[in-house]
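Chain lettering (A, B, C and D) follows the sequence in which the chains are written, and residue indices restart at 1 in each chain.
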Amino acid sequence: MGKGRLEAFSDGVIAIIITIMVLELRVPTGHSLASLLPLAPVLLGYVLSFVYVGIYWNNHHHMLATSHRISGGALWANLHLLFWLSLFPFTTAWMGENHFAAVPTAVYGAVLLMAAVAYWILQQTLMAAEGPGSVLRRAVGSDWKGRLSPVLYLGGIALTFWRPWAAQSVYALGALLWLIPDRRLEKAIEGSARESTDR
Amino acid sequence: MGKGRLEAFSDGVIAIIITIMVLELRVPTGHSLASLLPLAPVLLGYVLSFVYVGIYWNNHHHMLATSHRISGGALWANLHLLFWLSLFPFTTAWMGENHFAAVPTAVYGAVLLMAAVAYWILQQTLMAAEGPGSVLRRAVGSDWKGRLSPVLYLGGIALTFWRPWAAQSVYALGALLWLIPDRRLEKAIEGSARESTDR
Amino acid sequence: MGKGRLEAFSDGVIAIIITIMVLELRVPTGHSLASLLPLAPVLLGYVLSFVYVGIYWNNHHHMLATSHRISGGALWANLHLLFWLSLFPFTTAWMGENHFAAVPTAVYGAVLLMAAVAYWILQQTLMAAEGPGSVLRRAVGSDWKGRLSPVLYLGGIALTFWRPWAAQSVYALGALLWLIPDRRLEKAIEGSARESTDR
Amino acid sequence: MGKGRLEAFSDGVIAIIITIMVLELRVPTGHSLASLLPLAPVLLGYVLSFVYVGIYWNNHHHMLATSHRISGGALWANLHLLFWLSLFPFTTAWMGENHFAAVPTAVYGAVLLMAAVAYWILQQTLMAAEGPGSVLRRAVGSDWKGRLSPVLYLGGIALTFWRPWAAQSVYALGALLWLIPDRRLEKAIEGSARESTDR
């Protein structure tokens, strides 16, 4: 019940988050190419966050495609995830406008970490409602990416106090990890579809 | 007729409201942790309002799931609710930026109150269209939460002139009231589904 | 074909328009009730525009519910309508911040007028695609409200140069005209539903 | 799988992009008609970009209507397109506020070019998933508009260093190219619908 509206609402919030980040790209006063230069770090941060929000939308999309029961708890676990994602525009702008200084980079990583934790909670809530042997459970499998990501973000936060650029590299690596197509869920869905056709 | 678009439009407006509130978290000029400190009250207010808007979305979602007839009056009762919800970003920012001063806290409570009244009007309009003995009417039941909430908000508004923090505690209590899972509607829906299967 | 996405996209744009108007209610610097006073005209303008955008959403919703064929021309007629609606936040803020001065009030009316014209064009395009004897054509009927509205807006624009408040009264009257429930479309839809059941 | 949510998410992002562009029309401080004059170039740029984003929504809508398989790659190709579209509000405002100066006009053209390239990539990804002899492939056909557009944008960018207005004319021409109704896709869809009815 209600999966359609949960998806529609999440799509709406994620669509707004991914788009209002660009409002932090403030229009420069000059009209030379040089006046665009100070925006480079903000743009870079925007690209990183755009990719991260895109990854969350993508994974959210696949996860819900394999879910059939949405409990009241899942609605709140979903809102909790959206809350942390909604802080991305703020941390992205703060990090970009301060040229990737240490503290903003660490706070950026902390929000990445909390979003990953919130996603994991949502996934657990959905899996619990589906019961054992569900398509979702098989699809998530060992979830090595989901378990590695928080470790990467923690490592990134620690690295900011040594070299901020090292932290950003780790965050970018964390995004690349997910950009590599995730065949697990797609396979499990296809497998499940094949099974039900075979019967 | 038209339930789908009513839900889609409400989802859109609520998604935007919940997300633009975060735009009031203005990026600080410094890049130390200390420069984040003045944002703490704004962030706290944001969390409270995020939870409230989440509650409204949640309840709206459940209420419409049990509704079958959307009258012209319901479309306007719904817009009336969205109007009051659209003032949340303003009152949240005003309260947060003034460190929860008395008057902004009272105005915040007044908007909470008006939203609760608007929700009640929408609920009555939907129930009237459903007719007696409807799933929605059974689901709403005694509606003690819906009747207690406005009293809490009125109490909160009164308390602001004594101690603003007492008002905020009452508002937070009002949110907790709804966060506790509401089994009423879910049970009624399941009961109705079971009945129609039994036949 | 494509009615679903046309509705979804229009809902999205109208939801954003109705919500970003509230961003013009800038948070005041003081925290007394008196510091809210200068916002009164902006809030008043917001209420008027909120009602107008609500009316457009409402009518758009009913009009599309009776349409079955969406031509390529209708997609563009719809975008044309959304363009004029997207100027509402600007004209609302300009009129409100200038305490309903003559020129901003006239420009506000001009955008109201253009939106009404754009709505009429969309209606004609949809009716042409439906063919003669369609539910939509019967529902629109004599369309006296649609034909009176532009006259009212023109009258309002003319009145701004005499007394701006007279113009605003005319705009408010134009909104009230539509707020009175429009039974035409609802009746026609019901009639059509009854007919097809009777067969 | 997942076509519905891909469309819903894209609709959401495109709806926000097309609407936040209007936020760059900053409310002037004066209340005379003369105070609106400096906004003329910003408004002109807004109109051009509104039409371009409308064209993208329109074409996206038609392209997905003929697609049946959405691969993981298509989800990312779609996000890539949305990324470039999300830069439209920035480049539009920069160009408008600088009265169509050379460099902002060239950057505007570069973003137009990248969006066209991203659209082409998405189209190729979707066609590859559909396989040979698909409705989409027949509908796209020779795609002369899709192949001419990047050439126009490149020409426009080159012209900015000679006369910026020449570049803007070329961009406007590029929009007109798409505004002329595209019967290809509509015909192919109708043809396919007729075929499946005939069987």
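The rule is simple: contacts are C-beta pairs under 8 Å (C-beta built on N, C-alpha and C of every residue); 3 or more make two chains touch, one makes a residue touch a chain.
Keep in mind the model is a prediction, meaning the values are calculated, not measured.
For the two copies, subunit B and subunit C, the CA superposition rotation is 90 degrees, given to the nearest 5.
Shared residue numbers account for under half of those found at the interface formed by subunit A and subunit B, and the copies are therefore classed as meeting with different residues. Greatest Cα centroid separation from subunit C: this falls to A. Between the Cα centres of subunit A and subunit B there is a gap of 26 Å. Between the Cα centres of subunit A and subunit C there is a gap of 37 Å.
Residue positions 8, 12, 15-16, 20, 23 of subunit A each touch two or more of the other chains. Listed in rising order, the residues of subunit B touching subunit C in the complex are 1-2, 5, 8-9, 12-13, 15-17, 20, 23-24, 72-73, 75-76, 79, 82-83, 86-87, 89-90, 93-94, 97-98, 101-104, 107. Listed in rising order, the residues of subunit D touching subunit C in the complex are 7-8, 11-12, 14-16, 18-20, 22-23, 25, 27-28, 31-33, 36, 47, 50, 54, 57-58, 61-62, 65, 179, 181-182, 186, 189.
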